[in-house]
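Two complexes, one shared chain (subunit A), two partners (subunit B, subunit C).
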Partner chain A sequence: MHKLERKTYSISFAIPWLLIYGIFFVLPTLFSFYYAFTDWDLTSAKFSGFSNFVEMFNNPVFSTALANTAIFTILSIILKVAVSLALAMALYHCVASNFFRTIFFSPYVLSYIAIGVLFTAIMHPEIGVLNKALRAIGLDFLALNWLIEKGQVIYSLVFIDVWKSAGFHLAIFIAALQTIPSDMMESASIDGAGPWKKFRYITFPMLASAFNANVIFALIVGLTKFDLVFVTTGGGPGYYSEVLKTLVYKQFAMGRYGLATAGELIIFVIVITLTVTMRKFLDKREVEV
Partner chain B sequence: MKSRSLPYGQIVLIAVLSALSLLILVPFYLIFINSLKSPAEASELGLAFPSKLEWSNYSKVFEVADLPLAFTNSVVLTFSSVAIILISAAMAAFVIQRRKDGWSSALNVLVMLGLVVPPAIVPLYKVLSFFHLNGTILGVVLINVATRSPLSVFLANQFLKSISKEIDEAAIIDGCGKYKLFFRIVLPLMGPIMVTLFIFNSTFVWNDFMYVLYFLSSGKQMTLPLTMYLFTGQFGSMWNLVFANILIISAPLLIIYFFAQRFIIAGMTAGAIKG
Partner chain C sequence: MSKVIRTALFSLSAAALVTAAACGGNNASPSSSSTPPSAGSSESAGSANTDKKVTISHAVGGDSPSRDVWMKAIGEAVGVELDIQVLPLEQMEQIYKVKAGTNDLPDLISYHPGARTRDDLQAKDKLIDLSDMPIIQNILDDIKPYYVEQDGKVYGVPGQALKFGGIAYNKKAFTEAGVSIPQSLDELFAVSEQLKAAGKVPLYLSAKDSWTLQIPGLAAFSYDQLQSPGILDKINTNQATFKDAAHFIEAFDTMKKMVDQGYVNSDYLSATYTNGLQAISEGKAGMYPVLTSAFSTILDTTPDLINDVGFFPWPVEGDKTVTVWPPMIYGIPQSSKNADAVKKYIEFFASSEGQKIYFDTLPAAGVPAYKGVELDESKLLDPVKEMIEVTKTAKQFATVDFSVVANMGAFGQTVQEILMGQKSGADLAAELSDILAKNAKAKGAPGF
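Up next is the complex of A and B:
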């Protein structure tokens, strides 16, 4: 590299970002490898070996939170990607695509506190709009106790998150669709390719990296979901909708800082492992497509 | 002039998409209409039009929920965080994208880690205490910058690929210094991606509930999402005021979004595709 280039693109440009990121992101991450192994409360931190992890794994709420996080993550990835892909294909062929895109994206700018309260009203078992609508069209059996029934609540939370985020994933698909050269589609039509063939052999392969980005994004967001659960159900009823991050917060709020750090470290390991695995799997699949 | 009618397929498509849009629009309508009802009518949680429009609900909730203070805090928190994110991310991306050596690859690895690694929030307590930033807005500003900026650096980096390096070379030959080159020439060309990043980051920071819950949950530093959470806990049965509160905390972002939304796709075309 030329000396002039090194001077022009000086490292000094990166220093403000590097400082803040280093102190408030990298440093606490490194700290967590120490504090997870301490009995840390407000005043002091004493080394305590693996005791936080033993306590965590022996806590029955932890297994509930782990299971709920798994259900939430898997279902939300599938639904967010499927719904947004279907919408993207519909918008791709629709003359009013900008109008609908604006509408579908809009819930993404709402805060989870607003959405949580809103859906508490919508999903009210007796007078909520959702159950009233379902009863009105004769689907009484679907009018459930959305946020109250213990076996139902985590699925309702998935539904709410898909409602909020589908438009975001849709925007990623639309951005990718805009990069498909139109002459590619035209020549496929001339060669006699039908809509399914065009989707299978042109559109879907061209969407591969957007698809992967959406899956990875939904994976990380799902595993670290906090706001939605905390404000909508607080992990309840009981612990039936507890997820890993809400459990960690509750331990933090009780002053069990060491235990909460251990919980964050467990989430850290899960996120890194699954993201790397998923990435490898998706990259392999992309080559095959 | 002959009017062109839409093909049959388009009409079906638009009908289906309109029906689906109701899933979004009805909840928005529900917020709006219930924010104008009397407490009794709002507690039915329905879609009916109110018998009398209670515009005073808005001023009432401002008073009861102590919104003016929270509103100011939210504005200060959001604008300072977003300003620092935008400028520091653009500068970092400039080095990462333009410079090709060990430094830029190392920085790039840090950015990639920041996209995946979940932030260690509890140990942040130690870091904030060290700088005496516990319970301060500045502390939460810095946390927001640290944890949310990697996405911005990444997207700005992708966008910079579309700005030719020849522009830099021409400017340097004309005797332009490095800072002048970046701030006067390159940064203005990054306008579209800056708007995208502005929308995304202001959405994330304005709506942030987690960091303020961890680090600002007491006293005078509260932001809108937190006051809304406390207000709902306390006055949850006053549905008209709760809905007015939702509308007040959502309106600023919805307004920004509707005016600037076309930039979202532009920014994503630059970034998300390359994954």
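Up next is the complex of A and C:
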């Protein structure tokens, strides 16, 4: 008699890719821990202690970039999850659901560079399609300086990011919705539960894992946002849309590679800390739900 | 069986690692990067007359059909082919720095001269010394210090014409408004008022491309150099700062006043460089701060409008100066296997014949950077005539961002803040002084 054993693939299958991952990601990341403490000009690195971190924290733009990153991240998490959940619920039973899923997902396949250029034109205050359309239908008061008004620019960027990514989060929610057993819904209907109660007590708890995944994805993307901001506003006007990643890029462009690496390390620590904390919180909530 | 599989997998891993390492490497071995071109390379370089042409790789910022034409014409003349890689203009510097750091520079380098080549490309370790080339003697004396190092080494020679920073103006708009070139800042405001009355945008600003906002200050710094001799040396040794550069500060405060008085296009925060060039060439705007390389772009896009535009330096009362942007260098990395062919290319470019091809193809390029190059006056375009005229009447200083001891960074975003009323020219000067001091200290510059 053969002993009953669980057949699994050998870990050695992963070795080639683990090696590549190790060489091109893990090692450079570990090196960066060292370079962050140096004045580095790509050929030589002179140890400078914590001076790069002190300089980064003392940079007057750092606090602005940190605040903008926080606003961008928090708003984009809330809106991406809320919008995609609402769309998922609306589309799940919709007649032409596949068609609409494709429509909503399509912005996600576009690059941020293309989207940045597109929205720079759309949101131009005078010749942009958005303001022209708003004026044409008599909503002149809504025709704003979307990307150039200091108080609005970060919210405009959040809107663009939500527009692009909602389809991705929608796909995750729809996949999770499809795993909910239909008999559970039917028995709830027989017991007299209305749509809200079914959502509150069956659908939403069953979507908890997808919800958590979406929040974590949106959190990491928000904290490390660069391309959209770089292409659309470059961090401007002034520094009103500067985020941590664009600030670090500018140190790199000045040839302060050690300083830029220190900035990256700060972002790395922020992302890891917030992701782990958020994950723990969401896992705990998932169990409670 | 499992042992066989394991052995196979480890072999596969090793193969993958070797492949990855090969992909991550570069063509230059450590020895080749520090050794002058071998006899073998000179043999291939001398192949102009053989069947197989040498292909020179080149990387350059921004697309330009005219440039491709004259570069290839010069390539044909010396029997080489060019493989031109066009880099995004705004990322050109970063890409070049990384290429230098990873020994991946193209055969023919095109980069900012002076301190920028020396520091960004680590010229001493990465580039070939060209001081034995006879063309060095022909470089204009005024700009020679940006190409010839203090120890006599030369890591790059002018690869373009001289360009200047100042104000492009539309002649038809000026005629329509009945105004002439302003000679002082007061006259700049007076001219603006009349242009506005004539229905023109007096001064066009394109803050979306924030680098364009830096031009007035960089152009005005020449007056600080003229009126406070030695100010640049003092800044470079930490005995003075940008806070001492009164004209530099005044230029940015002037831009803010122009905005406040309605002399600037209302969409200046979302306007781009392309918008600016269109506005000035079509005469919708009267003036636009530019580098004179803008004229080549206008010639590429709207050749029929090129003679409608002209150029004058930043207007300050008294003796005149103009800020020069010394031409980008042509240099050769030590890692190049085609160094001799590239040298021939450069030598021919700098010759009268090569310069003729260059200026015939690109008549709006600017003023020749080499002595003895005679331009056909009958063919000169109006903006070039005005540039040449300016060089006869104004003292020339090279732009400060090529001359300071360490990188002072891009400051267009702070100028945006000035225009929005958040900061002043003095605030910008203080910020720049601080950034320069920190960068110079990190670099180990004496005095910081």
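Methods note: the second predicted complex is superposed on the first by the 275 of 289 C-alpha atoms of A that agree within 3 Å, B and C clash if a C-alpha of one lies under 4 Å from a C-alpha of the other, contacts with A are read in each partner's own complex, and residues count from 1 in each chain.
The criterion applied here is as follows: a contact is a pair of C-beta atoms (placed from the backbone, for glycine too) under 8 Å apart; a residue touches a chain by one contact, two chains touch by 3 or more.
Given the structure is predicted, the values throughout are model-derived calculations rather than measurements.
Applying the stated contact rule after C-alpha superposition, one finds that A:Phe252 touches each of subunit B and subunit C.
In the overlay built on the shared chain, the residue A:Ala193 is in contact with neither subunit B nor subunit C. Contact with subunit B, but none with subunit C, is seen for A:Thr261 once the two complexes are overlaid on the shared chain. With both structures placed on the common chain, the touch criterion links A:Asp41 to subunit C but leaves subunit B unconnected.
In the superposition on chain A, contact is made by A:Thr29 with subunit B only, not with subunit C. When the two structures are aligned on the shared chain, A:His124 is found in touch with subunit B and with subunit C. Contacts of A:Tyr112 after superposition on the shared chain: subunit B is touched, whereas subunit C is not. Touch criterion not met for A:Met185: it reaches neither subunit B nor subunit C.
After overlaying the two complexes on the shared chain, residue contacts for A:Ile148 are found with subunit C alone; subunit B is out of touch. When subunit A is checked against subunit B and against subunit C, the one touching more of its residues turns out to be B. 10, 13, 16-17, 20, 23-24, 124, 252 are the residues of subunit A that lie in the contact sets of both subunit B and subunit C, per the superposition on chain A. On subunit A, the positions that touch subunit C within their shared complex are 10, 12-13, 15-17, 19-20, 23-24, 39, 41-43, 46, 48, 55, 120, 124-126, 145, 147-148, 150, 234-239, 242, 250, 252-256, 258-259. Subunit C meets subunit A in the complex at residues 2, 5-6, 9-10, 12-13, 16-17, 20-21, 24, 93-94, 97-98, 100-101, 119-120, 122, 125, 207-208, 210, 266-267, 269-270, 407, 409-410, 413-414, 416-417, 420, 422, 435, 438-439, 442-444. In the complex of the two chains, the subunit A residues touching subunit B come out as 1, 4-11, 13-14, 16-18, 20-21, 23-29, 31-32, 35, 87, 90-91, 93-96, 98, 100-114, 117-118, 121-122, 124, 127-129, 132, 163, 171-172, 174-176, 178-179, 209-210, 212-213, 216, 220, 223-224, 226-227, 230-231, 248-249, 252, 257, 260-261, 264-265, 267-268, 271-272, 275.
For subunit B in complex with subunit A, the touching residues are 6, 9-10, 13-14, 16-17, 20-21, 23-28, 30-31, 34, 44-47, 84, 87-89, 91-92, 94-96, 98-101, 103, 107, 110, 114, 116-127, 142-143, 145-147, 149-150, 153, 168, 172, 178, 181-182, 203, 206-207, 209-210, 213-214, 224-225, 228-229, 232, 239, 242-243, 246, 249-250, 253-254, 256-258, 261-262, 264-265, 268-269, 272-275.
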